[in-house]
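Structures are listed in the sections that come next.
You will see two complexes here that share chain A, one where it goes with chain B and one where it goes with chain C.
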Partner chain A sequence: MSKHRALSEITRSPEFFAGCADVAARVVNGADAGEVAALLAEAGALLGADAAAFASFIKDDEAYESYRFVLACDATWCLEYESGACYMHDPWLEYTRHHAEPVLAERILARTDQERAVVDLARRYGFASAVIVPAQAPYGLTRLAALCLGSAMPDYFNNDSLSAVTFAATALALRLHEWQIGQLRQELLEHTRLSDEDIELLRHQRLGHGSKQIAKAINASSMSVDSRWQRLNAKLGVSSRVAAANLAAEYGLL
Partner chain B sequence: MKTPTAKKSPTDRSCGVVVKSDDGGVCFRLRPTRSGLLVQRDRRRKDNHARLVQSVVFATSDGFARWCAADSVRFDYPIVSSALMREGGALLQDHEQASGAERDHQEP
Partner chain C sequence: MTNQLAKAAGHLTVLIAPALLAWAAWLDEPFLVFGAVLLVFPLARLAFGAVDETGPPAWGEGIAATLDRLPWVYSAVLAGAVLMLLSAISRSEPTMGSVAGWALSLWMTMVFATCVAHELLHRKRKADRIVGHLLAGLAGYPLLGYEHSRHHQRSGSCTSAECPNVTESVWKFAARRLGAIVHESLGARGLAVAGDSRSPAVRGLRVALTTTSASLAIFGLAAGWPGVLIYTIVIGLVSFAVQLVTYMQHWGLGDDNIEDARQGEYGWEDDCQFQAWVTMGLSIHQAHHRDGSRPYYRTSITTDSPRPPAGYVVLMFAALFPAVWRQVMAPALAYWRSQPTAPVSAGRRLACVTFYR
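Now for the complex of A and B:
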């Protein structure tokens, strides 16, 4: 990506914000992962980064958690990250769980040896200096995402130009998150073949409606509602109505 | 034994290729794009109750080969790994030939 031009030189360019906004605008719902990876690489270069990764997390069901990465960096990093189960001890991901503000990665404290190992791994693969830009889900959902911009040059982002980078990168992170939710929604619909009636049932559950209330609303018997729920839970591979509605909400269906 | 299933059309690779293990532990989706080969690696770990999906585009065969060589799937699912290298290599070769032909066409 960049040949380590000074960050101030990059951010003072008259085209800096317009270029970043243009790339963010091209991250549209329905774009495939290949197009988005190419746009991420383009945006990373505009933002002065050597490496860029967009990471998202979602709780799939009661048992499984999913981590998704779109990479514009050395992809070997992600192989090592996965084989070492680094997602279990990632302080940058943990920061994203609790904060909405972009931050220099070096300001996030790695508290344990395992967390320090995760940071060291990232540093070895082009994130010696890094900026974490969180993109959060609405209140009540576990899904989260973050854009991570990296430079092989230590302290590259640690200067007065950081605010311009984070300002431009926030718009991109939000667009990437929106795109990712669209992908998840599509993935769930394709995988489960949910009908409009199924989605209506899930909406009722999300509003806290019981069988009788749902039966009245859809003009059916309570027994019929209960059997619909059994089929729906089986389609989604979950054990309860609450888990089904949570899953649908996490995947952006509701 | 962990064995792969490779789903592909014998005549048209442009729609992409899926290489996966029968136990669902790993799945690679390969598809040619304008900038290279899109690889989506989907790995499920039952022990950690976690799934990690990484999407990356490789522009060159060398970069793709290095990445395949670094993947632990080479040891955990050797047959899947061989199929991945074969199918991905063929798709990238097509991409590189097409890019080369386009360059030749553009040059005066």
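Now for the complex of A and C:
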């Protein structure tokens, strides 16, 4: 187990960065969630962690509907965290909303009773010492992510080797983030069955083209463009073509 | 287009309750809204029948945009109606009867207001959500935003009080659920007091709490002690009514009774068209749980959802008496468990209780 080795020993190993980079490179778009969870576990072990959790969510999401996780940690914790919707009160994720710098979890204040309970639960299941690595969204999207590495040993990450760990972990977090966005994009495509023509329509809207301009570009009548928008808006469950294009952009479709 | 306009017009019925309140204030008829909701609303099923199972049309863009703004229009109408009510109370000599009447009528109006607030709280746009919190605060239930997010994220959980236990009465469930939510949001180390003000959930909760406090103060300033008394009663009754509706929507469908309750996100779906209009789709509850961000005017009823044997008003009274509730609902639950894909509709009849027997 990695916890038997000092973090300095792990990070000074000549294979440390190459090993982490190799795992990050294997997180390819289209890989299934199980494969990525296995890669996360492998990366966690290379980074000296006993447990690793990756979370991705939209910054301003008040309904908590955008939250997605890849977990490589104690199954009991995963179950309790998910069934108790602990992400609603997770101060480590809250930190990610407003900060881009990696941080030791012990430096994040748990303000409410629920936040304390979430931290206590994490500490009991492999996160006695933890480091949070935020990842900002690629392509200017508003989706954020955080990679959390945990050790059952208290203060394990609290030493001079932390910067090497966070450096390697940041690259992994960004890669996981990109993979997650790809997954969501695929989910949206499968769920809504968007056609290439639909995506073309959305692209036109993103460029600010009106019905007449679109009609000319695709060689159709304005009325037919409007009726295609009607169907597309219904398919996406949005109120307008502007909302449809924003949604598509948020999922990285455009 | 005409067909779509006719269908879209049904959604305007959501304005009936605040419009009636304004009219009641004009006429100085304290019990008008309460009486109309209890006696007339259930009869609307005779006229409008059941929700179209094929779902709403692919609305024209103009109609969709108008329906999307309807909750904002509603909020303005409600604010106007409340101002008229305050004016009416301050002008007349208060009696116990008039205070009770206004409290009951305002309660009924505000219960519907929570449905509109609920619609706004699910939206992605920040401005919509802020209006949702303001509306929830004005309706006397400022905890709605937090409570409802919790409800969706722990859907089906009986231990978290998101679903009642199958043997639990509405009274016990309401106390258990309100206790947990009040503690988590208003406790000394709860979300509203100790939470990070940059969090959207904390910000929303504080906006709603400020609105409720300001509304109480305005009722006091404008209408004296009768105003304070009326609004305080409304806060209590709306808080209870939200738990009552949750009970009606999820009884028997929690993880104490249904194996896949957490994943299945089951909810009783009443197919009464009028009820779906005036609750902004909240009564099409299972569909809402499975796609919470879908706007009310694009929500279709689930084809294999459990269907209650009567509408909300009738069931509300049944729920108050646990023995009656079980007698009415247990056969409907048994039917759904045995034949989930063959739901029964009351059509234009007021109830289909007898079918399940």
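The criterion applied here is as follows: the second predicted complex is superposed on the first by the 219 of 254 C-alpha atoms of A that agree within 3 Å, B and C clash if a C-alpha of one lies under 4 Å from a C-alpha of the other, contacts with A are read in each partner's own complex, and residues count from 1 in each chain.
Here, a residue touches a chain if its C-beta (ideal position, glycine included) is under 8 Å from a C-beta of that chain, and two chains touch if they have at least 3 such contacts.
Source: prediction; values computed, not measured.
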| query | For the three-chain model obtained by superposing on chain A, do chain B and chain C clash or fit? | reply | clash
| chain B versus chain C as contact partner of A:S239, first or second or both or neither | second
| query | Now for A:Q114: first (chain B), second (chain C), both, or neither, which partner does it touch? | reply | second
| task | In the overlay, answer first, second, both or neither for which of chain B and chain C A:A75 touches. | result | first
| Is A:M88 in contact with chain B, with chain C, with both, or with neither (first, second, both, neither)? | both
| query | If you stack the two complexes on chain A, which partner ends up touching A:Q230: first (chain B), second (chain C), both, or neither? | reply | second
| request: Tell me which partner A:H98 touches in the superposition: chain B (first), chain C (second), both or neither. | output: second
| Contacts of A:Y64 with chain B and chain C, given as first, second, both or neither | both
| query | Once the shared chain is lined up, is A:L141 touching chain B (first), chain C (second), both, or neither of them? | reply | neither
| remark: Clashing with chain B: of 148-156, 166-174 or 310-318, the chain C stretch 148-156
| message | Going by the contact definition given at the top, which residues of chain A touch chain B in one complex and chain C in the other? | response | 60, 63-65, 83, 85, 87-88
| query | Given the complex with chain A, which residues does chain C contribute to the contact? | reply | 56-61, 64-65, 67-68, 121-122, 126, 129, 145, 149-150, 152-154, 157, 160, 184, 187, 189-191, 194-196, 198-201, 204, 262, 291-295, 298
| said: Applying the document's contact rule, which stretches of chain A touch chain B when the two form their complex? | reply: 32-38, 60, 63-71, 75-76, 78-83, 85, 87-88
| request: Please name which positions on chain B make contact with chain A in the complex. | output: 31, 33-35, 38, 40, 43-45, 48-58, 66-67, 70-72
| note | Counting only contacts in the complex, chain A reaches chain C at residues 60-65, 83-85, 87-88, 91, 94, 97-98, 111-114, 116, 226, 229-231, 233-234, 237-241
